[in-house]
Amino acid sequence: MTREEILKDLKQRFKEDIVNFFDKSPKRVYMEIKPESLVKCASYIFKELKARFNIASGVDSRTAIEILYHFSLEYINLLVSLRVKLNRNNPQIDSLAPVFKGANWIEREIHEILGVDFKGHPDLRRLLLPDEWPKGVYPLRCDYTEWDKNAIRDRGV
Amino acid sequence: MAKSVIPIGPYHPLQEEPEFFTLTVDGETVVDIDVNIGYNHRGIEKLSELKTFDQSTFVIERICGICSTSHPFAYTRAVEDIIPVEVPERAKYIRTTIAEGERVHSHLLWLGLAGHFLGYNTVYMWVWKLREEILDVMEILSGNRNNYAIFKPGGVRRDFNPDDIPLALRKIDSIVPTLNKLKKAIIDDPVLHARLKGIGILTREDALDYCALGPTSRASGVAKDVRKDAPYGAYDQVDWDMIVTQNGDVFEKVVVRVLEVFESIKIMKQCLMNLPPGEIDLNIKNIPPGEGIGAHEAPRGETFHYVRSDGTNRPARHKVRAPTFMNLPTCKSTVIGETISDATIILASVDPCYCCTERMAVRTSEGKRIYGGQDLIRLSQEKTQRIRRKMGIK
Amino acid sequence: MSLTLRALLKSPWVFHLSTGSCNNCDIEVLDCLTPRFDIERFGMLLAPSIKHADVLLVTGSCNRKSAIRLKRLYEQAPKPCVVVAIGECSLSRGMFIHSYNCPLPLDKIIPVDAYIPGCPPKPEAIIMGAVKLIQKLKGTL
Amino acid sequence: MYVLYLILYGFILTAVLGLIASWIDRKVTARLQYRKGPPFLQPFIDIIKLLGKETLIPREASRATFVFAPVLGFGSVLIVSTLLWANNNRLFNSFLGDIIVVVYLLAIPSISMMIGGFASGNPLARVGASREMKLLLGYELPFILAILVPIIKSDFSLSLGEILSVQAANGAFAGYASGILALIVCVAVMQAKLGLVPFDMPEAETEIMSGWMIEYSGTGLAIFRLMKNMLLFTLPFFLIILFLGGLNLSGIGILYSVLKYVVLLVIIIVIRNTNPRLRIDQAMRFFWGPVTGVAVIAVILALIGK
């Protein structure tokens, strides 16, 4: 399949789910979809289009928490990024870890640094942060302030 | 037989970095494994948001000492993807040379450590002796042994000195015969065959399911390499082959890495000989708002950076995905069922790099203590004093 | 100077601890063992267990998770035992000073006897640091 | 008299020779790896330093056993070396069956390592100790079979003195086909008894952090190291007595004796530097398969007088 055919197929198939489709450059495509249709789209891209899951990146953009799932289709040199926007107060989304194992660790990471709840994740433990890190403090949220009063930060930027 | 739990790490001579594996073993056979990382987490993604686009390059370089060009390479490509621009030809060649030099030294480093894990210290010493030569080449070309500090968004920071290039080429040529000898010694060693063949097999299906990257997946027959699939830098202008093997055991991973060293040397030599003239830097001043993605085939697999700019001079979000992050979870499928002796080399065979993985569980497995921390310190200080007195130090 | 101290200075076994470093210092420490630098000619060996060590080489910026471990390992090391901080990160946390996960510099956690600056320090610098440390303990520096 | 012998030959001479052997080992290893290597007195300095360090006893460890284990191993090596020197120098008529005593005492260092490992209560030490036990089970059978060869050769005599005098009369046993085969078996076993690569899995530092030794520090470690270094002399010495006609310490013979020992030492060092570590199951298979086979052939050859 060529690039045009795949993009047309995606647009056709997920007509109801796509919020916004942004064809940035020959190698990059951004697709904003509804959070509830993530598993459907991601499994289609991973299993049927034989894409490789690169990574998910979570972003706190002050208005919403965005998660971008990047998939690369090597045979046409295209990177498809699925974008979902979640409610900042109660971010929740279905987990992709049951679909493919590659999503396991990154969801654990996003869970602890941005506080997104992945429903259906098999093992949502802490990955990177220490055990004494307080609950409900997420370092990559934009309103994060130092919780530890003992920390020494004695040098200017 | 009762199952027991073997902790590996966090401070373990297996690797120079801290990591913590909990192996549940039945006799000598591993029945379960749990990976507990985070001893290296420094919050680089957050730090990067505090720095300007130019300063970030230096922070990114210190994500990992071995991958100190892979991360800046991917990061600068991500920034250039926001604008978007193409860097000048000469800069591309310089970047490619440095990146391949890093691949050579990283693979040699891993090879030496693998020898060390197997108790084969002679290989460790010989390979690291060879690695010093490559570091010398890098020092000639870039001025630094490890953190080359040569990348910047829009080009490279320093040009190669034309007088140094023949010297570097001579030095590279002088490495090749020794490398050939080493290749023969490693690939034909019967004891290494006995130790490494058929253990820790990662099947092709598992490699795809875990989204494994780099030599780890290429040893399992997954022919994916960013340098071939989405060419960047000078990779589409030089002649080289992708090394793919089929079995996916530890031995094949060694073979892939050894052969890749030769390909990298080939690329380095071609780049140095055909270095095009011209500018090396675009002098990018403003980064418009937007998002960019950059990928680079690091020695361990694809490094992936996502940068978002909001029009200021600092990244609004910078996501770093190191290859080990995807490769390490494969240990679930490779280690279980093997013995403890093999577990270490299998865990090492993905060439784990925790510094990268954790950019950013203390279990009390070493026994419960009756003293509190303060008591222990006091006791230990008293003891030190006593011994110091005994030994005649004030 | 007593015999045991003199023996200690002639055969310092090092244990290498990384507390969240970028791995570069660790590689340079390992590099010291290899043919070009070979610290075994000064009697230094890389100890496999903390219980055998006389010198702790600490690299990295002491993140929250490893700082606890670091402290515990320091308590486990048989005294007398000296601590050497290697690299900018363990000296002052370097560019990670504003990171949320690196709250304290190394010398606020355990006592440090020698500092080797650099990012990363070259193996020559590490050997030099070790030699200076020995001179300091002998009292000739 | 005997006490003097114990201290002078059994301890001081053996320890000094063992420490020098360990220096040669480290130096030759370093030279093979293009390094300069440690200075001459390094092993002595290491031992002195360790004696001056603090000894930590883990809280979970069984205290008495933990402290007792190194002494046990050290003591047995001391007795073995005294016995060997006494026989070599014809100090007294050796008693019947002293070869059996030596074989048993040579197993005790391994057992002391196991006891120490299990007593320290560390999971890694336990793995190391259990590997040591498996290894011991593996190599003891071919070792005893190989030792049968000189016994058969010297007309089923069970005393070291007898074996030495037979060799003095008829030439060393290594001159016979059976003797050579048995010597090869013994060299492989010696490598395992000394815990050197490729059979160093009980203390594999990159797998289980020096295994059974992990919790030892200070004096305990010093005694264990001294024990290992003495073994580095005692074991080759035992083989020299059994197969190469003993050490002659008078006149020009001393050079020949040194040569015998150095050849064995160099074989050990070369094997250790050109092989990776085996897995424990591979090592067991190796000892029970080919090595035992060769030992049996050696015994059969010895029985038919070859």
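Miscellaneous remarks
In this document, chain identifiers A, B, C and D correspond to the written order of the chains, with residue numbering beginning at 1 in each.
Basically, contacts are C-beta pairs under 8 Å (C-beta built on N, C-alpha and C of every residue); 3 or more make two chains touch, one makes a residue touch a chain.
No experiment lies behind these values; they were computed from the predicted model shown.
A count of C-beta contacts for the chain pairs A-C and A-B puts A-B on top.
Distance from the subunit B centre to the subunit D centre is 42 Å, each centre being the mean of its Cα atoms.
With centres taken as mean Cα positions, subunit C sits 23 Å from subunit B. Each of the following residues of subunit C touches two or more other chains: 2, 4-5, 8, 34-35, 48, 63, 65, 68, 79-80, 98, 100-101. Those residues of subunit A in touch with two or more other chains are numbered 129-131, 139, 144, 157. Residue positions 13, 38, 41, 43, 46, 50, 125, 129, 358, 360, 362, 383, 387, 391 of subunit B each touch two or more of the other chains.
Pairwise, the chains that make contact are A-B, A-C, B-C, B-D, C-D.
Residues 37-38, 41, 43, 45-46, 50, 81, 84, 208-211, 224, 229-230, 291, 293, 295, 302, 304, 306, 308, 316-317, 319, 321, 325-326, 328-329, 332, 358, 360-362 of subunit B are the ones touching subunit A in the complex.
Every residue of subunit D that touches subunit B in the complex is listed here, in rising order: 29, 32-35, 52, 54, 58-60, 121, 123-124, 126-127, 197-198, 200-201, 204-209, 273-282. Those residues of subunit A that touch subunit B in the complex are listed here as 25, 27-28, 30, 52-55, 57-61, 68, 70, 72, 74-75, 77, 79, 81, 100-102, 104-106, 113, 126-131, 139-140, 144, 157. By the touch criterion given at the top, residues 26, 30, 33-39, 41-42, 45-46, 48-49, 51-56, 205, 209-210, 213-218, 221 of subunit D touch subunit C in their complex. Remark: subunit C residues 63-65, 68, 92, 97-98, 100-101, 103-105, 108 touch subunit A in the complex.
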